[in-house]
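In structure tokens below, several structures.
Paired with chain B in one complex and with chain C in the other, chain A is shared by the two complexes that follow.
On to the complex of A and B.
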């Protein structure tokens, strides 16, 4: 049976309420993204200002977190200050596992603290503590302080960008993992919430059907180990491995999407691997470990002695692209430094790079001057540059955004299913609502024709539903390179002791997707927003795109304006908002 | 570089010619099905009588045969006496590996021997030997005699059905493996060719790029081991495992397709596993081993002593279905016996069952009388029953065939992609030209909506091309549950030492598929034949089907009558026939 508990914390008055999670929430929305969306849509009225005390953030774990590999995740759901849509974001590392062990399914944060504060969570309660000593600090220093105050704990924090409400400020956990997109950090900043700390708990989550779980997990691990994408490319080179494929197929955007194509060896995984000693820094319990650091030997400033090693984060593909080819930048050190600054200040690298690209596209040459990119990013992080508002606000004509969110590094014209997935994503220009790059570019689970819309609307529909379910289990998106609906459903069924067929799982994802859609419709989003930036239509046929969008609505059971029909809501057992 | 050699054997005058295989044949058609189709289309004129000396059979191995697991196969290509189309068929066991070791890529058999003959192949030559002693014998006795005469050899033979030119007579290898569909056995019978024997050779095929091959093979084996379908269901229960899924989804045809649905536990793998001791009988080097036998203890007739064990072949899913639910037969022993008779006489079980179903559909009750099914099959095998002509000829109104070939055990209405694959199959009603059952029913590599045509034309197009390539490598179709285009391309590239991208591999399959289509068009087949039996349209919407067919032609670059356009032939570098 579904049972769970959560916390509702009102920052305005410091009250903490313990809640029994309604079992229908868990059964129908699972956890993570789904649970967060369910709670947020219930709490939030139409038109709430994302940066006011009206807005809320729900942090949630899920039924598989901490139970199976690739599940060390925590979801955050809020109304995005960047896009005005519903926003969910998910972080890896180990925070999710620590939170799961406390036994709280979710923490819902309301209101606004008067002074800088931190939320301290353990297995019995949550407390709001002053955090004036942390305020004004970037993420690295904040972690140092928190580690001293709460040894053995895990936390996430915002940097100065979040404090200054940069609209794409993120929150950082475990030094290098981010609730990346859409401005979770700005919402935290607006609430004067600097950090969330979870203390170590001794409890361990257990599956309710251990025998079935052992079988399902064994099968999943076998598939993960066998996957060439996971245990080959990603394990060897991290997400930088993607640069090679994307370059090979000529779909890497350049110069703020004004051009497309060509290889970029500079940012390819194999190339980066040659630049020094690389070490994997896996999320909790992950056998792949796509995160990695570069070890640099340093001379001690105090003693003048060498031999001290410093770890420099190797940026993800999206970051390498956003600060590399998309800015015409060919200086790998500058890209690494841009990544470091974003992590320090707590800013989404895709939106940061995309906004700079939109602002600077007439003069990339100037941007190549040594240190200029770093300076610009610091000014944004300090709240001193209007580029902190995102490209859609500050440079709408050159902005490569959908619903106000900057696009990642795959040209829409080179993967038409992905373009439809971009356009219909509930949080804007994001590749993770349905990673059509899998079948269209990497041929997983099956190569399909990337240059045709035929058959894509139905596939995007299913991929989006599956992704919503996976985000609610929670498992890492990359697991989809090895696992299918069946394996996820088997893991879930065994974990919760109730049978979910693969179709049940997809239906759950569909329910989540539709509830998110209802939220966005209420905020005034609709068909007009399910589109691509104008520049993309230089390479995507507009008529074909519109036909595909219409077909997609048909698959979804939405009307011609993109609103779910009554019958669809009834089928999914959700109420109109 | 592509190099190879083959044999052209004229049975009419006993001449044997050694041929250097044109390197373009190998590069552009690989081996197996592709090589056979290339040779046959060059040799055969329009309108050749399949059962005359005009017809030819090409037996061919392929670049991966004997090199990698799931590749112990040999292809046969001829003009089918059952359908009049081009026909390729492929056999497992170990014959293919033995033939590969001789170094001959192919043997092309022409003409007609005056007296019963056998072809004896070794690594230096081929000889035609009299086989009067074998003639009139069924397959079991034939193998006994051949084993005595050629110890250590591998062979395939026809039974009495092939001698009597039953139009769906097959050839049997290694006791239980069949060149199953379309009447290879009848073509052999018409040529007075009873058996093909290949002697053991010491040579071992080697990949041309051993390092790359080792890597590609390791990856393939890891994926095969991890696949739940291969290393779970098929390894545990053989293809009878399919009965459970097909029954669960309610798409198992019954009573000659007059009904559909319901489970049939009788023929499910788990049920059969309970009926006695089961042993796997894998093809050469296969880690899955889906073939299996039931061990039965027997009392010796001579001594009256017990303890002697007899092996009874466990029928494949298609056979279990064809003699079970499709004939309303609920007697597992009768089904096993029907299978045994078909193997002994050398007859395709799907067409045998389908023809009996079409002839008997008004009176299945009578067929249930003990021994009646067995008697009927023996009469067919002896050439004494007109049902040996196939249902399209003897009972056209109730015949569930496409282009004259009987359909297998998946209802077209329950898997619409599969229905399109049936209709456009180059050898008629066959599930193996594009096994859409994979994604539509088993959710591998990805679950797609089985009850919609949307997106299917493009997928069928790609699946058919991939299947044609896999049939030419040659690898077992089941490998597709674990491997994708990329893994096949890597194996091929390493084996032949020339780079094939995944798209190159698909293009090769497309070339083969189009050449087969040209053959069929020349024989008068066309759009009118790309359809389903009338009864199927009770459950398939005709208009939707026709739209999907049209869309399929568009994907293929074929005109409205289903003929490849000039540009497509040019793109594929093949000449019009």
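On to the complex of A and C.
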């Protein structure tokens, strides 16, 4: 459901304005990513410096957040300092639910604080409070202080990487969940915004049609339980299970994409499970619980006391790959430590690993020296290493990026639909825009031939639209392994009391995607950027790719240069920027 | 082994025991099982349409395996089956909706070989179905998941296949007899 109200906060003068969320924004863009994109494109002019006070960040919840399992996320939309494109990101954990309970559809932040500050939200208002005591601290220490100051609250913070404007710095919530990719943390750092805190609220969001919602939710849960991806591999081993699948199918990139193939048992779920006691740490209300921690007994030598247990975050597949096979690293402890450092400093692990890979690819052996990777990451986090600028800037010849964002651990040549999805992603080298890994690798919703471009442009178009809608509801991306547009539309209709057909939902996603595209076109992106890194064309036929891209543009209703035609904008009810 | 699975997958579809996209087949190999992939078509199985997953512990490749893998695992753990076939046989499914805990075949061969066929409850791919089906198959060669489909076991795929055919045949005969009785009573 929607609350119909939001906050506009000017950090420069400390003013907070409560505003009514325009109903057309909610109806046509839903919430989360869509709402953030709509607001940002309304406010932000062309050419804004992402690290200036001119840039804005919109944090938004969605109509399903807090109502149903797999819906605990919060979205953030801004202009990326890493890529210069529009950027949306979302964080799991519990923050989204807490924010939803306060009743704000969105919070839009602009300007820049003169001094470090934190934004404190509750049901009725937002306040900007000094955060000098937090500034300079990494995320763990920041959370400790905030929990003492605001017991029972939820927050997200930046670490020293964000303060030092590492271009792929992220914000961290609930100790281990990240607004990842693209540099949300750097934007916050540029605004001297250390944290956003949401106080506990007693309110509970409710669907407007509880009977219909109960029916739709029951159906969704039934499908989630029956999904082998969700209730099989991910539930058993978290996303490390994906390492097993990617290795089995021979599409795991290695050594900065110089090689592809082979298994890497070191990072597979079964191997990690053998490394100790593993516990789930699910997002709020999630029955799957893909996030894991390893419980480590601390000895009296470590702490002076005996029998204490420490939780060590088990990295996600993308992180395991980025610091593992991508760097030819075979030391699981080093990979875990790299993940810990990135969480502490607040850095995106895919970009960190990808940048290090690009810089060090001539000498991975040296990187294997004990502690070297950890030291490098800390220097990046402290703003003392140019690798904090991202691989496209510091090592363009070996950089595996698209639109400046580093690629994750799926070989473009091993899943051609995924390669097209990478190239046409509005935020750069991201696997989640269409997540063609679903049908091409996991066979969800249906298995398709991953080594052919045939039919892929239409599928990429469709899945990008669906993903944009799902990111706006906001439901966890993994839910799409079980649910389709029909289930999402039923949940949405019951939640907001207004009918959305499956086609309406897809159309909404298409609208969001096109608005993002207009933003990027205005920033100078175009067909030349809808491509793959040169190295990828060693395994992807360039001519076939170009034909697929052309067909994709046709599906999108865009011209030969990848610009939406007027008829398409009219159909989607979008005004040119 | 995928070739055996492929052979019987084709037979299941050709004989109408299940449609191409429904049902699944597995064979046990020591401490693992080979099972059809989720979304595979049973009449087009090749080496890429089956996966090998652990028997006693979940595997990463469960992501690719049939959504009923948890049921197959439970059956192998609780019985001495070496092969399992799961179909969505229409008459068996219909019978499961008309009866309660089991149905008794009325045809002589069905009665002789199957005795009673238990009807169990549990959603697709759930622990509940795994527990109920595996328990039923300790004592019977076939069971029907209510409103869903048939699970049969055997020491070979052929044996499981024969039981699947027999179950559907018996369910059909029983259904036709009941229909005829109802029609005659109506007159």
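Heads up, the rule we're going with is that the second predicted complex is superposed on the first by the 568 of 577 C-alpha atoms of A that agree within 3 Å, B and C clash if a C-alpha of one lies under 4 Å from a C-alpha of the other, contacts with A are read in each partner's own complex, and residues count from 1 in each chain.
To be clear about the criterion, contacts are C-beta pairs under 8 Å (C-beta built on N, C-alpha and C of every residue); 3 or more make two chains touch, one makes a residue touch a chain.
Since this is a predicted model, take the numbers as computed values, not measurements.
Visitor: State whether A:502 touches chain B only (first), chain C only (second), both chains, or neither.
Guide: first
Visitor: Report for A:244: first if it touches chain B alone, second if chain C alone, otherwise both or neither.
Guide: In the superposition, A:244 touches chain C alone.
Visitor: Taking the superposition on A as described, I'd like to know which of chain B and chain C A:268 touches: first, second, both or neither.
Guide: second
Visitor: Check the residue A:449 against both partner chains and state whether it touches chain B (first), chain C (second), both, or neither.
Guide: first
Visitor: Is A:337 in contact with chain B, with chain C, with both, or with neither (first, second, both, neither)?
Guide: Once the two structures are laid over each other on A, A:337 reaches no partner at all.
Visitor: Just checking: does A:551 make contact with chain B only, chain C only, both, or neither of them? Give me first, second, both or neither.
Guide: first
Visitor: Return first, second, both or neither, reflecting whether A:225 touches chain B, chain C, both chains, or no partner chain.
Guide: A:225 sits against chain B and chain C alike.
Visitor: Going by the contact rule set out at the top, does A:484 touch chain B (first), chain C (second), both, or neither?
Guide: first
Visitor: Is A:458 touching anything from chain B or chain C once the two structures are fitted on A? First, second, both or neither.
Guide: First partner only, chain B.
Visitor: So which positions on chain A get touched by both chain B and chain C?
Guide: 222, 225-228, 231-232, 443-447.
Visitor: Can you list the chain C residues touching chain A in their complex?
Guide: Answer in residue numbers: 37-40, 51, 57-67, 69-70, 123-126.
Visitor: For chain A, which residues count as touching chain C in their complex?
Guide: Residues in contact with chain C: 222, 225-229, 231-237, 240-245, 248, 268-270, 442-447.
Visitor: For the complex, which residues does chain B have touching chain A?
Guide: Listed in rising order, the residues are 219, 222-223, 225-228, 231-232, 439, 443-449, 452, 454-459, 462, 482, 484-487, 502-503, 506, 551, 555.
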